[in-house]
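Labels run A, B and C following the written order; every chain starts at residue 1.
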Amino acid sequence: MQSQMKESDPILEVENLSASTDNLPILKGVSLAVYPGEIHAIMGRNGCGKSTLSKIIAGHPSYNITNGDIKFLGENINSLEPEERAQSGIFLGFQYPIEIPGVSNLEFLRVSTNARRKFLNKEELDTFDFEELVKEKLEIVKMDHAFLSRSVNQGFSGGEKKRNEILQMALLEPKIAILDETDSGLDIDALRIVASGIKKISNSQTGIILITHYQRLLDEIKPNYVHVMSDGQIIKTGESDLALELEKKGYEWTDNFIKET
Amino acid sequence: MVKENLVKDVVKEPYKYGFVTDIETEKIEKGLNEDIIRLISQKKEEPKFLLDFRLKAFKKWQKMKEPDWAGLGYEKIDYQDIIYYSAPKQKEKISSLDEVDPKLLETFDKLGIPLTEQKKLTNVAVDAVFDSVSIATTFREELAEHGVIFCSISEAVKNHADLIEKYLGTVVPASDNYFAALNSAVFSDGSFVYIPKGVTCPMDLSSYFRINSGDSGQFERTLIIAEESSSVSYLEGCTAPMFDTNTLHAAVVELIALDDASIKYSTVQNWYAGDEKGIGGIFNFVTKRGKCLGKRSKISWSQVETGSAITWKYPSCLLLGEESVGEFYSVALTNNLQQADTGTKMIHIGPKTKSTIVSKGISAGNSKNSYRGLVKIGTKATGSRNYSQCDSMLIGDQASANTFPYIKSQQPNSEIEHEASTCRISEDQLFYLQSRGIEFEEAVSMMVSGFCRDVFNQLPMEFAAEADKLLALKLEGSVG
Amino acid sequence: MEIIEKIKTKQSQDSLTEIQKICLDKLQPSPLPNPKSEQWRLSNKSKFSNFLNYPFNEKNPKFDTPFPKSSQSTIRLVIGDSCQFNLIEENYSIKQLSEDKLVKYIKEQISCFDENENWSDLLNLSLNCTKNTLGLKINGSEIPPIEIFSHASSNSLNAKTLIIFLEKNCDINLLQVNLGKENSSLSQSTFFFLEENSSVNHGVVSYGENKSNLLNSLNVIQQNNSEYNLGSLHFKFNFARFEIRIKQSEGNAKTNIKSMQITKKDEQISTFTKIDFNGPNGFLDQINKSLADDKSHAIFEGSIIVPKIAQKTDASQLSRNLLLSNLAQIDTKPQLEIIADDVKCKHGATISQLNEEELFYMRTRGITLTEASKLQLSSYFQEIISFIPVSKDRWDLLDKLLQEN
């Protein structure tokens, strides 16, 4: 990774991270630092470990960190619970958002928003104030109010699920958002809505990690850095043109990097 | 509209294995007591430990009561009216197949199991059991080259007494149930398989059981041991002549799989089922159980049960080893007055154990077909999974289909899923097939075999084709 | 044998009613249920004998219902207090069943009792007297919701009987609440008869206090075109059995059941259901949910019986179970017994814990594990609770009770 002097401290630092599940190593020494205002893209074949990286940063209980550290705003968060990470401002947009039958979307959004607000020492919102807030945020993702009364993600189309993820991001106002294949399964209109939503929510104080296979999301949101992952490692890091080159030459091209290293 | 009588006719195919071989046999007198057991043991020249095993089992059996919980209706069996040992008379020691009575070879020929060097099946080693004794085992030398032992259990008692003493009765203890105790006391013959460490058995092994005499019971015993990292596929077939009396068949099968070993045990059971009035037929009361002793071991049962007047059989798996796997795939077809009460027990003891149950019951005529199963996840079986699916198909409005799954979990970090459904062959489906020019009976058998597909897929190839044909024959004329 | 002696010594032979005598006679040869029978084999023996240990109490002490005050729009009855009840309005009438009819009906029922299967009813009827029996005949339309309370008082065994005849074309919402006080046993037997074209939304909420026990037996007979909907919840009992027997006497009826039991500490609660289709075109949609925590034991056994006469039956039964602790256990046994061929029957059962992926998803949104589990549990309850016919204010109370639990 190229060294460059940064003015502020990083939001998220991943240092030489190795992790496994069921004794199977998945990550083999990943390092990454995201500074305020930066957008990073992580690309790579299926199974290269990029989704796993996002889950580990969010604290999924099925993975064990075997080596290395995850630091958020300078603090080591290796042993924090997933909810503590979320409350402090780490957001994971799921590749496959989970359906939770019976739990109303509105209630779910309210409880999570208030958990974050409590952490920020902000006043918790009652049902009415929350309705107001949601209405405003629904605009960002162009979602209908009716979505709120349904069960969390249940019966949502692929596009609706992804928009619901961005809605949650808008409500939680994270410091860093890791968006795992948020572009997959979206048609071009939905992709634009999602991309513009992400741009609206992010600012010079926040960081974003986009995990994706395709260039098309990166056409909408231009990343500062592009990382290519393979077999649990980042094998190449470049600027946004790396993604274009990758699109042109395919992942076989990156296989050479492994040989080089 | 399909006519009711058409339905009934479908099941009337005569039993084609119903002939009797006219051969001189050596039988002991009827009845059961300690002397009879000593006599059987003596005839088989058994070591003392085995005689003791038999006598102990007999004592237990005497104290036990014949079970009635399955609600099977049959006349009380007179255990003193059964001959417990019957063997075709032949030369004392047979050194090669050429010395086997040609009548016996002919019998197995007729059953589609040729044994002679010229005609024997090329890809399957066969152990042929006629009444109480094993007649011949093919491919012995070839198997021996790989260290695989495949012989009759009587022979194993003589040549591999250490293995027998170590494992016999460790999976199905003599006290397990009434019929297992009876078998332990009087078992006559059966097959023995030993697959040494690291060996993949080079061909399928098969036993063929033939009951010939009408008044003797058949009590065979099978023991299969798969050492570490070995694997074997074993097939079992059964037929019997038509008699108007009921014959008792009470077998015990024990399987043991050590670390990384896998045993696949397939049965096509076509004992004589009795006539349409329910007269005659075999009482098939069998205890089959496998012990997944080793880590990552696997035992897979697949069965096609079409014969017997009454079948009472629950091939089971004790999943002790970590990450061990148990499977049960079953098709049970009953017709006329047949009764089948079959299913499995999956006992999860070790952590991360997995089991799968797929059971397909087809009941036609006045028959009764029940699935009875137990899935139990013990306190230490963390991370275990079970999936069961039990489907019944009813043909005609006189047949009954029951499902009795017992499910018990004591381990929160485990998952059990059970599904069951009942259906019949719909007129729409039949019409659709017929409108494409398919004959009525062909259509029915297509539907039935489609219903059983998941299970047939688990059978070894030749067996699957055989099973398909068997079902079609059995069902001929029975649907509406 | 003890239990029979207990009943007999309590009252002189002469003061026993005809029903009591018949039931005592039936119990005589086997005074206790056979512990090896399917219906009783999983019942905890010491808990069950504890049930019978309390002295029998005919009195019916006043109690405070924890539910909100009765409103104009609901009819509230307490078995024992309101057993002399007649209400005749313009559109409808709720009248007391005549003694004759009551006795005749119960005798009919008893004649087809099986000593083991109907043991709870036999016990109830041999203990009970007219005083604690509420028999109602309901007809008409626009009937306000009815609430019926039954309770046991501390340190005693109480028996309550409820008999309801719903006449043709009539439909009602009925909530039955069974309350157990500390150290008490309640035997509640309910007989429901639905005439043609009638329909009922029946709620059964049973909850106890410390060391309370319950034997709750519900017998329903449905005539042609009737619809019976049951939503039930049993919790906070040291030992409770809920037995549901439904008979569609001529088929052609609809039955919906959503039942649930929650067990904690070392409680044991079981639900037994038997649905008998005695004619064609019957319909059943049933789900039973259990939740077992701590060292508790939840049991479900359901059987669906479809004889030859019951062609075109459409029945589905689902058993969903959550096992939340290493020391808790769950037994479930959904059974099908089918002879008819043109039927659609299915059943399913699952045992698992709370869904981990769902929990993780909520936690990544900042919701704590406890909160996330609660949300998941309340969604698990929701399906059942929303099926219990109670008005909004009562609903809140139920919700609160569940939260506390």
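Quick note on the criterion: a contact is a pair of C-beta atoms (placed from the backbone, for glycine too) under 8 Å apart; a residue touches a chain by one contact, two chains touch by 3 or more.
These numbers come from a predicted model, not from an experiment.
Colleague: Does A-C or B-C have more contacting C-beta pairs?
Modeller: Top pair by contacting C-beta pairs is B-C.
Colleague: If you take the mean of the Cα atoms for each chain, which one ends up farthest from chain A?
Modeller: B
Colleague: Per the centroid of Cα atoms for each chain, what is the distance between chain A and chain B, given in Å?
Modeller: Spacing between the chain centres: roughly 56 Å.
Colleague: What is the distance, in whole Å, between the centres of chain A and chain C, each centre taken as the mean of its C-alpha atoms?
Modeller: Taking the mean C-alpha position of each chain, the two centres sit 50 Å apart.
Colleague: Determine the centre-to-centre distance between chain B and chain C, using the mean Cα coordinates as centres, and give it in whole Å.
Modeller: Roughly 44 Å separates the two chain centres.
Colleague: Find every residue in chain A that makes contact with two or more other chains and list them.
Modeller: Residues of chain A touching two or more partner chains: there are none.
Colleague: Could you check chain B for residues that touch two or more other chains and list them?
Modeller: None at all.
Colleague: Under the touch definition given earlier, write down the residues of chain C that touch chain B in their complex.
Modeller: 308, 311, 321, 323-326, 328-353
Colleague: Using the touch definition from the top, list the residues of chain C that touch chain A in their complex.
Modeller: 356-358, 360-369, 371-372, 375-376, 378-380, 382-383
Colleague: Looking at the complex, which residues from chain A come into contact with chain C?
Modeller: Contacts found on chain A: 58-62, 81-83, 85-87, 91-92, 94, 97-98, 100-103, 107-108, 111-112, 115-116, 119, 151, 168, 172.
Colleague: Tell me, which parts of chain B touch chain C in their complex?
Modeller: Going by the criterion above, the answer is residues 377, 379, 392, 394-424.
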